[in-house]
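Several structures are given next for inspection.
Heads up, the next two complexes both have chain A, just with different partners, chain B and then chain C.
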Partner chain A sequence: MKQFILRRVAQLVLVVFSVTFLTFASLNLVGDPLFNIVGVLSGIPDEQCEAVARGEIEDTQSSGLNVGDCALIAQAKEQNNLDKNVAERYGIWLSDMASGDFGTSFVNGDEISDIVKERLPVTIRLIVLAQIVALGIAIPWGVASAYRANRGFDKASTVGSFGLLSIPNFALGVILLYFFTLRWQIFPSRYENAGWWSELKALTLPAFTLGLGLAATYQRLLRTDLITTLQDDFIHMARAKGMSDRHIMYRHALRPSMFSVITVFGVNTGALIGGALVVEQIFSIPGVGTELVEAVLRNDPPVVISLISVVAIGFVLINFFVDLMYGYLDPRVRTS
Partner chain B sequence: MSEIETTGESRLEAISMDDDVVDAVKKKLGVGFWIAVGWLGLLVATVVLAPLLPFDDPDKLASGPARTGPSMDNWFGTDALGRDVFARTVYGARVSLVVGFIAIAFGMVVGGSLGMIAGYFRGRVDQVISFLFFTLLSFPGLILALLITSTFDRTLRTVSLTLGVLAVAPVGRLARAATLVFAEREFVQAARVIGAKHFRILTRELLPVVLIPMAALALLGMGVAIVAEGGLAFLQLSVEDISWGVIINDGRGIRDLQENPHVALMPIGVMFLTILALNFAGDRVREYFDVRETAF
Partner chain C sequence: MAEASAANTQLLVRDLTVRFPTTRGTVQAVNGVTFDLARGASLGIVGESGSGKSVTAKTLMNLLPRTAEVAGDVIFEGEDVRRLASEGREHFWGVKMTMVFQDPMTSLNPVKKCGEQIAETLRYHLKRDRKTALAEAEDLLAQVGIPEPGKRVDQYPHELSGGLRQRVVIAMALACEPSLLIADEPTTAVDVTVQKHLLDLLDKLREDRGMSMILITHDLGVARGRCDEIAVMYAGRLVERSAPETLFSDSRHPYTDALLRSIPRIDQPSHTRLEPIPGRPPELINPPEQCAYAPRCRFARSDCLESIPDISGVAGMHEFACFHPANTDRGREALAANLAQGCTVAGLEISGAGASS
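Presenting the complex of A and B:
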C-alpha cells in the first residue's frame, strides 16, 4: 500500500508539472505577452532600444520613437519578467503560484487570487450539486432496474438512459431553460446570491443539466454491477434469512456494487468541469467558466493560465484521491 | 461466424457450447442499427447535395418574415434576422460532421499508431507513450480545447485537429490494450517465427484485429467530437462558420427562446437524432464484435 501511494504521488507531481508547463508555455510562446501590456509599442524592435541604451541614437521623434518608449518597455519587461526565457519565467510563476500569488491581470490589473477566491466556490458548488443530483437519481434508478432485470421497467430504463446520454449538455440546458424558466417560470432566469436559498434555486437547473447525463452513466454501471452482485451467495443467504428485498438491495448489495461508479467518478469530474464552463454560459453563472471565457476573449493570458492551472490541478487531485480510494477498497489494484 | 453456421460439425459444437456462445452465433446487428445507419446516410447525402437541392442560402437575410414558426416555405421557421433555420441546420451539419469526422480520423491515426506501438514494443516506449496519454487525459477535455483554440485560430482545420488531439488518448489507450492482448496470440508469434519485420507484423497482423474495437469507438467518438464542437461554439471559441453549436447558441438568448424557440429547438432535435444514431450504431458494433474494453 505504501509503495502504491508513493508511486501515485510521483505520478501526480509529474502530471502537475507537465500540465502547468503545457498551459504556461502554449500561452507564452504563441502571441506576444508584451503586446497586451504596452500595446503597439511592443512592435519596436529590440535592437532599436539597445541602440538607444548605448547612446547611438536619440530617443526622440527623429528616430521614430517617443521619449520614454524604451524605458516603458524595459519597465514592463522587468515587472513581468519578460526579459527572462520561458523556462525561467515558468519557474518564477510556479513558485509564486505555490505561495498563493497568482499575479495580476494584464488588462485590468485585478489580483488573480481575488478572482479565483470569488469564482471558484461558485463552480465547486455547481459541480458538487450536479454530482448529488446524478447520484440521487442514479442509485434508486439503478437499484430499481437491477431488481427486476430485463423486465419492463429495466427495458424502458435502457432506452431512457440511452436517450439521456445522447443529449449534449448545452442542448439539455437550453431545453430546461426554455421550459422551467421561460414557460413555467419555476426557476429564476438570473443568478442571485442573496443567501443560500436563492443560490440553490439559481443552481438547480444548471445542476440538473449537468447531472442528468451523468445519472444515466452511473445508472448503467450500477445496474450491471448490481446484477453481478445479486448472484452472490451472501445475497441468497440474506434472502433465506427472510430479509426484505429493499433491505437487501440497499444494505447488502449496493456497497459492493459501487466500484465502477467510483472509478468513473473521477474521470467524469473532468467532463463536469468542461460541462460547467458551457452551462455557466447558458445560465449566466459567475463561476470560473464565465471568467475564463471572458479572459480568453479579452486576451488576458495571466488570468487564463492561472484559471486553467487551478482547474487542471484540481482535476488531477480528484483523480488521485479516487485512485487511492479505489486502491483502498480493492486490494487487486494496488499491485497492478 | 458464418463458417460455424454452414459446416455441420461446427454447428454441433456450437450447440454443445453454453448459451452465451449460441447467442453470439445468432447475434445480428438488428433493425435499429440499420435505421441509425439510414439516418446518418440521409444526413450525409443531404449535406453533400445541399448546394444542388432547392434550399435557401443559409446566410440570406429575410428569406421569409422574421421570427416565424415552421411553415411550408420555411420548414424549421425563420430566425430573428429572417434566415431560414432549415437551410442553416443543413449547412451547419456540414461543419459539424466534417469536424466530427476529421477529429476522430486524426485520433485514430495518431492515437491508434501510438497505442499500437506502445502495446507492441512495451517497456520504455510504452511508459513514455502511456504517460503522454495520462497527461492528455489529465486535462479536462474542453479546457484543453479552449487552450488550443484560444492560442491558435478558429478555422475549421484548427478546431477539427484540436478535437482530434482530445481523441488521441482514449483511442490510443484502447489500441494499446487491444494490441497487448493480440500480440501474445499464436498468429502473431507465427509471423515472428517466419521472420516478419515489426512493421509488417504491426500493419498486416495486428492492425486488422485492432481496427474492430476501434471502429466501435470511432462511431461513439464522432458523436463526442460533434458535441464538443457545440460546447466550444457556446464559449464562442469554435469555427467562425455556421455549425450546429453556432446555430443553437444564436437561438438561445432569452428573447429568442421566448418568441421563437424553434430556432434553437429544431437544430437541437436534428443534433440529438444524429448523436443518438452514432451512439446506437457504435454500441451495436461493439456488441456485435463483443468488444469488452471501452476506454471511455
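Presenting the complex of A and C:
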C-alpha cells in the first residue's frame, strides 16, 4: 500500500512537470509575452536599445519622443524574467509555484492565486453536484435495466440513454433554462452566491445539464457490467441463500460491477475541471473553464499556465483516488 | 409401509418436468422425475453432464431462469415449493432448504469477507445483529473444520484455498440450520485429497443435525457408501433407483451397468481394460419417442425404439426403466440375440468382449 501510494505520487509529479513544461514552452513560442506588458514597445529591436545604452543614439526611432522606452522594456523584462531563456524561466516559475506564489496576470496585474481561490471552489461544487446527479440517476437506472435485461424497461432505457447522450450540453442547458427559468421560474438564470441555498439553486440546472449526459454514459456501462456479474456463481449462491432480488442487486452485484463506471467517473471529473466551459458560459458561472478561455484570448500566459497546472493536478489526484477505489471495490486488486 | 414412510417423507417430487425454450427448439431438460426423500435421509443423484441432475436441483431451489417452463409437484414438509416460488416467499430457501455449489472458487462473493458472507445469511433471515452474527459465523467455521476460524472471518475468499473455500460455502449453507441440503457436485472442483475430507464432513454434519441431503454427482463412487439411496439419471429421466448395495451388485438398467463397468474397481486385477460407453449423450431438443439410451445400449431391441419405458419395480426398493434389464433373463436374451446379429437394433456394433452379463 505504501509503495502503491509512493508510486502514484511519483507519477503525479511527473505528469505535473510535463504538462506545465509543455504549456509553458508552447505559450512562449507562440506569441511574445513582452507585447502583453509593454504593448508596441516590444517591437523595438534589441540592438537599438543596446545602442541607446551605449549612448550612440539618443533614443529609439519607433517611439519618437518618448525617452526611456528602453528603460521600460528593461524593467518589464527584469520583473518578469523575460531576459532569461525559457528553461530558466520555467525553473523560476516552478519554484515560485511551489512556495505558493502563482505570480500575477500580465494583463491586469491580478494575483493569480486569488483568481484560483475564487474560481476553483465554484467549479468543484459544480462538478460534485453534477456527479451526484449523474450517479444518483445512473445507479438505480442501471440496476433496473440489468435486472430485467432486454425486456420492456431495459429497451426503453436504451432508447432514453442514447437520446440523452446525443443531446449536446449547450442544447440541453438551453432547454432546461427555457423551462425551469423562463417559463416556470424555479431556478435563477444567472449564477449568484448569497449563501449556500442560493448557490445550490443557481448550480442545480448546470449540474443537471452536465449530469444527465454523464448519467446516460454511466447507465450504459453499469448495465453491461451488471449483466456480466449476474451470470456469476456467487449470485446463484446468494439466491440459494434466499436473499431477495433487491438485496442481491445492491449488496452483491453492484460493487463488483462498478469498475467501468468508476474509471469513466475519474476521467470525466478531471475533464470537467477545465472543460465545463460551455455550461459555465450558458449559466454565467465564474468557474475555471471560463477564466481559462478568457486568459487564452487576452494572451495572459501566467494565468493560463497556472490554471492548466491546477487542472492537471486535479486530474491526476482524482485518478489517484479512482485507483484507490479499485482496491476498495475488489480486494484482489490490493494484494496484486 | 407406504403409510409409515409417507408420514416421514420430507420431500416429495412428482412428475417434475422442466423445459427451456430456445431458438433451436425446446430443450427437454427434465422429464417426469419422481422421487421421495425421507427426513434425515440422503439421496444420491448420479448422471453425466446434461442428464438433468443439476436442473432438478435448481428447480428445487427456485434458481431456474425465468424462461424455464416447469410442471409437476414439489412438496417440501407439506408445502408446495413451486407455489412458494411464485409468491416470492422469503426465509424459505437459505433457511429450510439450501444448496452448495460445484465450484468454490466462484461461488463466494470476491468482494466480501468470508465472515461477512456467512453472517449475512444470519442477519438477513434470523435478524441477528452484526456482532452476534459474526460470532456465530466464526463458530460455524470451526464446525466445518477450518483452522483458525477467528482469522478466517476477516479474510477474503481469494486468500483461501479451494478446499477451505468449499468449507466456507458449506458453513454458509448450514448457517440457518436447514433441514435439507442440496450439494451439487460439491467435490468436483477440489483436489482429490480434499474430496474425501469434504464428503466426510458433509456426512458428519448431516448426522449431527438430522439433516437430509441430496448429493448430486457424476461419480458413482462418491455416492456409494454415503447415500441411503441412489437415483441414476439419463437424458432428463430417472432410469434406476435403489439402495447403493443393490445398485452396485445387481444393477438393472443397462446405463447403470455400463457406468459401473467404466470405473476401475479395487477388486479387479490391475491393467483390466475399462469399458467406455459408446456414443454420446442424446440431444435434448425434440428427442424421438424412444428409450433415450437405446442408441448406446448393448441390450436394445426393437421395442426400445418404439416407446419410452416407464420407471417401475418395487417403490422404495429397486426401480428401473428398461424393457430388457441387465442381470435378468430378458436382458440376457436380448443381449444374446444382439450378439448373434453383431449389432443392436439401433445399429450399434457389438462383440462378445465384456458381455459377461
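Note that in this section the second predicted complex is superposed on the first by the 297 of 336 C-alpha atoms of A that agree within 3 Å, B and C clash if a C-alpha of one lies under 4 Å from a C-alpha of the other, contacts with A are read in each partner's own complex, and residues count from 1 in each chain.
As a convention for this text, contacts are C-beta pairs under 8 Å (C-beta built on N, C-alpha and C of every residue); 3 or more make two chains touch, one makes a residue touch a chain.
None of these values were measured; they are calculated from a predicted model.
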**Request:** Once the structures are superposed on A, label A:His247 by its partner contacts, choosing first (chain B), second (chain C), both or neither.
**Result:** second
**Request:** Please indicate which partner A:Val311 is in contact with in the superposed arrangement: first for chain B, second for chain C, both, or neither.
**Result:** first
**Message:** One more residue to check, A:Leu27. First (chain B), second (chain C), both or neither?
**Reply:** first
**Item:** Contacts of A:His236 with chain B and chain C, given as first, second, both or neither
**Value:** second
**Message:** According to the stated criteria, A:Ala51 is in contact with first (chain B), second (chain C), both, or neither; which is it?
**Reply:** neither
**Prompt:** Given the touch rule stated above, what does A:Leu120 touch, chain B (first), chain C (second), both, or neither?
**Reply:** neither
**Prompt:** Looking at the overlay, what does A:Arg255 touch: chain B (first), chain C (second), both, or neither?
**Reply:** second
**Complete:** Of chain B and chain C, the partner touching more residues of chain A is B
**Message:** So in the complex, the part of chain C that touches chain A is made up of which residues?
**Reply:** 61-63, 90-95, 98-99, 101, 103, 106-112, 120-121, 124-125, 156, 158-159, 169, 172-173
**Item:** Residues of chain A that touch chain C when the two form their complex
**Value:** 232-234, 236-244, 247, 251-252, 255-256, 329-332, 335
**Asked** Of all residues in chain A, which touch chain B in the complex?
**Response** 11, 14-15, 18-19, 22-23, 26-27, 30-31, 162-163, 165-171, 174-175, 177-178, 182, 189, 267, 269-271, 273-275, 277-278, 281-282, 292-293, 296-297, 304, 308, 311-312, 315-316, 319
**Asked** Which positions of chain B touch chain A when the two form their complex?
**Response** 131, 134-135, 137-143, 146-148, 150-152, 223, 227, 230-231, 234-237, 245, 248-249, 252, 254, 257-258, 261, 264-265, 268, 271-272, 275-276, 279-280, 283
